[in-house]
Amino acid sequence: MTGLSNTAMPTFMRFFSDNDAPVHPAVLAAIEAANASDAAYDGDALSQALDARFSALFERDVAVIWMPSGTAANALALSLLCPPYGGIVAHEEAHIVLDECGAVELQTGGARLLTCAGEGARLSVDSLRERVARQGTGVHHTRPYAVSITNVTEYGLVYRPDEVSAIGDFCRETGLALHMDGARFANAVAALGCTAADLSWRAGVDVLSFGCTKNGAMNAEAVILFDPARAYEAKRRRKRAGHLLSKGRFIAAQLHAMLEDDLWLANARASNAVAAPLGRAAGTRLLHPVQANEVFLRLSPGEAAALRAQGFGFHDIGEGVARLVTSWHQREADVAPFAAALAAL
Amino acid sequence: MTGLSNTAMPTFMRFFSDNDAPVHPAVLAAIEAANASDAAYDGDALSQALDARFSALFERDVAVIWMPSGTAANALALSLLCPPYGGIVAHEEAHIVLDECGAVELQTGGARLLTCAGEGARLSVDSLRERVARQGTGVHHTRPYAVSITNVTEYGLVYRPDEVSAIGDFCRETGLALHMDGARFANAVAALGCTAADLSWRAGVDVLSFGCTKNGAMNAEAVILFDPARAYEAKRRRKRAGHLLSKGRFIAAQLHAMLEDDLWLANARASNAVAAPLGRAAGTRLLHPVQANEVFLRLSPGEAAALRAQGFGFHDIGEGVARLVTSWHQREADVAPFAAALAAL
Amino acid sequence: MTGLSNTAMPTFMRFFSDNDAPVHPAVLAAIEAANASDAAYDGDALSQALDARFSALFERDVAVIWMPSGTAANALALSLLCPPYGGIVAHEEAHIVLDECGAVELQTGGARLLTCAGEGARLSVDSLRERVARQGTGVHHTRPYAVSITNVTEYGLVYRPDEVSAIGDFCRETGLALHMDGARFANAVAALGCTAADLSWRAGVDVLSFGCTKNGAMNAEAVILFDPARAYEAKRRRKRAGHLLSKGRFIAAQLHAMLEDDLWLANARASNAVAAPLGRAAGTRLLHPVQANEVFLRLSPGEAAALRAQGFGFHDIGEGVARLVTSWHQREADVAPFAAALAAL
Amino acid sequence: MTGLSNTAMPTFMRFFSDNDAPVHPAVLAAIEAANASDAAYDGDALSQALDARFSALFERDVAVIWMPSGTAANALALSLLCPPYGGIVAHEEAHIVLDECGAVELQTGGARLLTCAGEGARLSVDSLRERVARQGTGVHHTRPYAVSITNVTEYGLVYRPDEVSAIGDFCRETGLALHMDGARFANAVAALGCTAADLSWRAGVDVLSFGCTKNGAMNAEAVILFDPARAYEAKRRRKRAGHLLSKGRFIAAQLHAMLEDDLWLANARASNAVAAPLGRAAGTRLLHPVQANEVFLRLSPGEAAALRAQGFGFHDIGEGVARLVTSWHQREADVAPFAAALAAL
């Protein structure tokens, strides 16, 4: 998606993506508070405290690998689950497939993404079973080693814990590992009202990309390893890929701030909340139910142009489909004008 | 180097590394000022303005690739200069050789680092000529395609423009590209009183890793492409390696702040200035002349222990050698106690 | 496809694949004749003579890289046409996609195979245009750099020169390189009665994998570079992948023997000739017209079992489809019994 | 080493390398005998029988991966012992370091070769201990995972079982795996009069590259896995690298022929035997004792030219040093003329 500069565009007009939103004041404050010198890389007090902090959130021992980007987090996570000669089953419209320029191939050393279809970028056990069965497992073939699902999906849909569990069970039966791209994990948890544990390891997820950048952080993601023994390799791969920032405390500080008083959930609830009225305004134009903070709707070129003429910014994703994304910082008043404009079409 | 947490350690006691120093207030201010939403990735106004900004600094058209870490910057730079089946000549103690966990191998697809020796981690034309001559150029051999030098070197020494030019001339004659790891490029320019152009492209450098993180930034480096045509590939490789952060404006803002009113030079002068008295205090213990912001001196285990007992923090680099690094934020008063302690040994 | 040992199975019963057929006596004789010591690797007289030999065949200057396997040849060829961050468009059932265990990913450093559908494993300009158009070309996307087609296709169909030309024209227009996997190129040329040039460079092919192993050789393939300037990189990559055999003269000798008196064409004609009666016997069971040396037909599990009970050997490719492949050494009498058995079903 | 064509040069004049020698008649006969169709790849009877055959030779269960080249065998072997972010300690003049164009980097996904010095290309426990100790083991460093030694070494020296055991013990203590490049393993065993087991797994070798091509085969090597559980990954990697030849029976047949009646030992004894008189003739010119089938001696440019003028062929390896290699097919009479010419200098 092209990103022309929109400095001048006020908040109520921007629906391009949550990935360009402001940083939450509490996160900025945490960054400033971390400014005193401390040990480099991840030797600082804040980084050292992350395992315990996330272990509390996830109600079990986890190892946390902070990362500066979601693409880096997904590639690292998958490199722990699949050898270079293996395959990773993912939806054909998954972010790792369409929007990461081969990051998985680089970090895994050439593993292949084995894609399958599914409404709303969701994978079902049936589609996975069919895809895995179709893939040969002989020495000539790219044998599947892992499955990667995105929750919230690329079309704003949410997998419930029982749906993830069904996929997790399938993975166990077939000897596959399960990764969840949780760039919007917070929005999914907020939408479902479940716990972070219910939607991840309790449902069979082995490694989770826990996103914060889209949810109020500046540049902080966390790879959550439900098997802490993976941390050794993960830390080598993070360094080797150039992601072990020397002033890591500034990444760790963001993660702590996001967890403090459940800011991650509050922000996700806020962005989800303002997507709903846009969805209602879209009415029959909606392609998918609005379950989190994304709205996909049909817009003719003329209608899209008319909305842009009124100053609204959003992405076309082709074939007369527009994507609107709300962010943690938008309030009802920020989306009302666009909702009205949609209803008026 | 292990980094145990040192939150409690006051500035005047910390000489571990400039890579754990505070962020300069002007950089923090610039980050805050960039908080309004803008286009994602590098589509924002600040990122878009970097080419012009650095072209002015370098007195020629350059393309700038912002990066979040120095390891990432070096690996990206070298991947543009050497094919997977080629070799990169570097000093055996270069950061890319000893401290980046194979980042160059990952980003280049397996190119090899061809090392040679040299006092103070400096390479000479003679050592390069000998090393290249020793390397076979047949199909069985790893043929050199590039040379990488570090300025300031890993032992705090500075290459002068004429010394870089001599290496640059050698590279031209032998068909090699020249990369400069400038994690402390600012300290070198400040020490030499030359221009950025004199120490880079005018001396034959093809690609420069322009460091800011050690010099007052939070997590911002710049790969300077003196041939802007390399930008296309560089941007693909940056994305593929997970370094195209979605809120890139926060990296770009740091680079602009560093260039504003030559903050990059002021900070480098400040850190260089306070290394001098430490060097004088070290006296005959010095291993290398103090040319920038690093001091290498001989310390017996007992002496090192005694200094640590007084609260001073620094790294041993083995064999009775200690490394002291000063930072942009330290003033004469901050180093005086350590200087006194050294002199008192 | 599993290969249980079939030593005891007579020729007239074996229809598994042409890749397990005997070596032609003339090829064996050439191998023996090459036994005198000569320069190692590709420095021997036979290897040195290959460029001229194939240049004559292809009616233009070509560079020839001998290779010991078809998988190696395809991966090498594609690594010359696509960078690690790029994509290669191929049919979803292409050999490079289904049967080479990620060889392309290894040799290219992680380039991605972008698949599209097509009857009989054939690609059309329309399908290519649609696939390329669907693929984003921004920095987040895997941009296509090459197209790979297989001739004879994986379902035994043949692209005519005009069909390849149409694809070649599309590639030129869109800035893509064109590779042809010619594991059965000889069978295609024999079936079409065209020249090798007509079906390759004159039709826009940049690099051709010219197969001999399935056609009477022991382990000899040739990567034909219609731009000889690619030879330098190709030779480095061949060595690096362990394919520069030290006694290369034994590979070169096979290629010379295959070209001598057009043995490559004679063998291909022979295997094509005996596929025809099998196709006729299959009658309405045929899935695809028999254009070369492969026959695909519907067989119920019971029918397949019945044929195997009579001693015939062939591969199931799933969903009630059997594949029969004829080889250069089979004569009418060798296929008659199976033809009769098919007709009798 | 350049290999100009030497078709016309008689056996008694050729001392370039054993890697360009003829194929032994028994091996050629075995190749011809294997010409009947059989299952493809390694599904044929000959390939299937290799594990048992080599298990008998090595007096324990082993898994055997046939390979078409030594470079391929070494790279595959090491990819099983070292992750992409790890290092492999080897002699700075090892074949994997100097003569394989980065094959190890390709197959391992970018692991680094950590070199150390040693007289005659031999590694000692002391040199290994020093090298490993020098290498950091933190996340920033390339941590050693394996050691690779060559026996016979690149300078024709032989490690005795007790010397290999000492290295094997060091590897066990430090958690490193041990690979042996046995391109001339047969020459070592023949020289020592020990068993294959004594010089490999009993001495702590985990994976052995068992060479045959230099010793009378055409293009057959064997990777011997003393832990058969490694076979699964090894077979995937062999296929992915394009080394799973479709008519694998022709490789397997060569290995069987080499083992039949200990032809591998007889050939090695023969080549060792004729190196001795050349060594005696070299006298004080010798750089290293002649322990196997290689002779390294000082020759002035004039002397080298004079010998070449008499028709003798050999390689200069630089700095006034010539390398002579004898082969399995040379008899006393074949080397006598060169011995005489050397003595006459």
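All chains are identified by letter, namely A, B, C and D, in their written order; residue positions are counted from 1 within each chain.
Keep in mind that, in the parts below, contacts are C-beta pairs under 8 Å (C-beta built on N, C-alpha and C of every residue); 3 or more make two chains touch, one makes a residue touch a chain.
These numbers come from a predicted model, not from an experiment.
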Target subunit D, source subunit B, minimum contact steps: 1
Longest centre-to-centre distance from subunit A, chain (CA-based): D
Distance between the centres, which are taken as Cα means, of subunit D and subunit C, whole angstrom: 33
Chain centre separation in whole Å, for subunit D relative to subunit A (CA means): 50
In subunit B, residues with contacts to at least two other chains: 1-2, 41, 84-85, 100-102, 106, 109-110, 139-140, 236, 239-240, 244
Subunit A to subunit C touching residues, read off their complex: 1-2, 84-85, 98-102, 105-106, 109-113, 136, 138-142
Parts of subunit C lying in touch with subunit B, wherever the complex brings them together: 41, 83-85, 109-110, 139-140, 143, 233, 235-240, 244
Residue ranges of subunit B touching subunit A (in the complex, touch as defined): 1-7, 9, 11, 14, 16-17, 19-23, 28, 31-32, 35-41, 43-45, 48, 67-73, 75-76, 100-103, 106-107, 213-214, 218-219, 236, 239-247, 250, 327
